[in-house]
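Structures incoming, each one as structure tokens.
Below are two complexes that have subunit A in common, paired first with subunit B and then with subunit C.
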Partner chain A sequence: MGQLRIEVTQSEAAPEITVLRFEGDLDNASIRNIGSSFQLIIEKNSTYVVADMSGVSMLSSAALGEIMGGRKALVEHGGDLVLACLSLPIKTKLTLLGANRIFRLHSDIRSAINAYKWEFEGKSEVFTLSMPPALRFVPSARQFASRLAGLKGYSRRDAFRIETIVDEICNNAIEHAPADSKRNVALTLSIDRRKVEINVINASDPVKLETLRRMLSGAKEPPQPTIEDRRGRGLALVKLLSNGLDIDFSEQGTRVHATKLKEE
Partner chain B sequence: MAIDTANYQFCVKFPGSLEYIPAVRKFVSETLLANNFDPKFTYRSEIIVDEICNNAVSFGCVSVDAVVELQCMVHGDRIEFEIKDEGGKPDDLKRLTEAVKKRPRKGSPRDMGKKDSLGLEIVRMLSDQITFETAANNLTTVRVVKLREEDGEAEGDEAAAAG
Partner chain C sequence: MDSQIKLEFEDVKDHRDAKLVRFIGDLDATNVETVLEKVFALLCDGYVNIIADFGKLRYVNSTGLGILLHFSKSAQEKGGSFKIANVNENVYEIIEIIGAMSLLQIYDNLEEAMAALK
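Moving on to the complex of A and B:
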């Protein structure tokens, strides 16, 4: 049990975000203080607020109602209120009351700030994998990409297409690498709200590289039933599934870059 | 391809957020399974990865753009997990140092550490060595070594089913 203290500060990492820290009991006696805090925030024209709940020892239904009222006012001003750092009992209570369907809950302040940047500033999240040039490493890499896409709100269909693109590009990267290559294949996924950028860099085999160049420039002869056709089909599939595909060659190796837009 | 099937490494870099850890640990376990590791060894490795990633994100990521890097180095006799983060607050670093340097507990489960240090206790139980170092720029590296023969996993690293 403890008397409520409320602290309103601006986030250092993102000054446009207000951090509202509650410490003590959010009980019926605290309703007026909660209301005043939201009024102050709105008067300052702050709209996006993260409530730091790490110091909250109890939460009454009436106080929760007041916080919901605060959120409603912020939403009306084009902002939002999210809750962060909830203890397990408080989180359980919010879930039982169905408040988890109204508030977005974050494990910590950093995650809440990142969610804001993702939502409102188009920030992308970047993941990099490095794996040996062997085909057996590809399935786990493509499933990793698919899981991340699902996690970031992409549909199952999108996630599966992203998985297919990653699979084809990584397979190509491994098959086209020089036979004596020990260099790892690098896969980078850059995910934002609207698209996923896929980059795969591998060591280049000069002979196969020339074939690929000719294929891309349109100078390659019509496909013959050889192993190269199978590779060509993979790239054609990537072209079909993605919204952009380009390849560049440098001393660092071959970089294949595909973009997949989120389908609404 | 010319990879050494007994000695190789793979790596994953991800933003310092707890939400990505399940995907990272699944990536590691699926990769180990694809490389003929025993399911029991793989699952224990997955637990180790989960714990060290949780520690790195929870205590070693301070800035909004913090990134965690996990390297898995596979050798004939062991696997090494090396996790790097940007380094936490002085108190967290002190706690980590104490937790790593602490002698393995041999008491009953009741003697186990407090809830907040349970992660490293679990890692210690499932692995053979934990070391820790901090660079001048606060970059923190935790290295966990797990011997391969301990759990009696299948020998050999012939290529498993390809994608």
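Moving on to the complex of A and C:
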């Protein structure tokens, strides 16, 4: 492709992020320009940089070294440099050189920005599932919650606990809904790097609601299961696994909200 | 879709009234009834000593735990036992948190569970 062109812009989605777009060959001849770009960025006090590599046709070891130097300078100023939109040959070369252990790689610019917001701004991501009030849909919902937690850096133990919390709350919602209810159960997961908030809303059966209220007010820590207690104490288990549990009752519906903090 | 669980059955050497049951998959509210039927069938057929191998049981919830307690009680009433082995750490934590440790016979491995058979 030939001579390198470099474009420096601020992200529209996140103005504090600089997008550094390379187009052409990142070869030995372009080292000076690469270095100058990073210097300019740092002088403007912009320290979080996403390098758009979609236009890169060739990457030399020396040019990679210069980019690594740029990252080092940004990190020293409290920022970072991540790489996005790499072609397969470039990604392969980076991996062979071990650079994938130094740089975070993203498939596109949006993913890079989301990762920044997740890590540096504590932004949460919200997922909502709406499912018919039938137990057979709950396994998929709990497994989704578990995989999501794993993807977001929660430990396997935490992911299991989150899966259990979702399972127990959803099962409870369905079992305590009116028998003829067709209203979907709404599960919302709000996840950030410190905690997961789980909300389940469903229709209420007034008779079953009363049972639920009595069960919750009597639920102790730890629960005292007996051999006769065939169905177990789902919400009592949720109370013990989560860092907070509250329930709002009304004739219009029941909302169960649980919080699970990420274990350090 | 119901959660997947599979039970595999094996005879236990030198114990004609015992059966080894391997639980494979997830035990939850969607499949407890199926598991209940199959294990109760064993008890009714005279296999009053059941050893449950949980080595491949990934997940259990409070409903699943409830039927395990039920198996334990029923087996004891028939003069037998329901022993559990190879519990993974996540399932173990659930059993512990829910306070069922003293109500279930849990062993580190199958050898210990079998050695405990009368």
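Note that in this section the second predicted complex is superposed on the first by the 242 of 264 C-alpha atoms of A that agree within 3 Å, B and C clash if a C-alpha of one lies under 4 Å from a C-alpha of the other, contacts with A are read in each partner's own complex, and residues count from 1 in each chain.
Here is the rule we use: a contact is a pair of C-beta atoms (placed from the backbone, for glycine too) under 8 Å apart; a residue touches a chain by one contact, two chains touch by 3 or more.
What you see is a predicted model; the values in this text were computed from it and never measured.
When the two complexes are overlaid on their common chain A, residue A:75 makes contact with neither subunit B nor subunit C. Shared-chain residue A:107: touches subunit B; no touch with subunit C.
When the shared chain is aligned, subunit C comes close enough to touch A:160, but subunit B does not. Of the two partner chains, subunit C is the only one that A:237 touches; subunit B does not reach it. Using the contact criterion defined above for the overlaid structures, shared-chain residue A:29 touches neither subunit B nor subunit C, since it reaches no partner. When both complexes are overlaid on chain A, the residue A:131 reaches subunit B alone and has no touch with subunit C.
Of the two partners, subunit B and subunit C, it is B that touches more residues of subunit A. With both structures placed on the common chain, the touch criterion links A:261 to neither subunit B nor subunit C. In the overlay built on the shared chain, the residue A:151 is in contact with subunit B alone; subunit C does not reach it. Shared interface residues of subunit A, touching subunit B in one complex and subunit C in the other, are 135-140, 167, 171.
Interface of subunit C with subunit A (complex): residues 1-3, 26, 28-30, 59, 61-67, 69-70, 72-73, 89-90, 93-94, 97-100, 103.
Those residues of subunit A whose C-beta lies close enough to touch subunit B in the complex are 13-14, 107-108, 110-111, 113-114, 117, 125-144, 147-148, 151, 167, 170-171, 174, 177, 179-182, 184. Interface residues of subunit A facing subunit C in the complex, by the touch rule stated above, are 135-140, 156-157, 160, 163-164, 167-168, 171, 222-234, 236-237, 240-241. Considering their complex, residues 1-4, 8-20, 22-24, 26-27, 30-31, 34-35, 58, 61-64, 66, 159-163 of subunit B touch subunit A.
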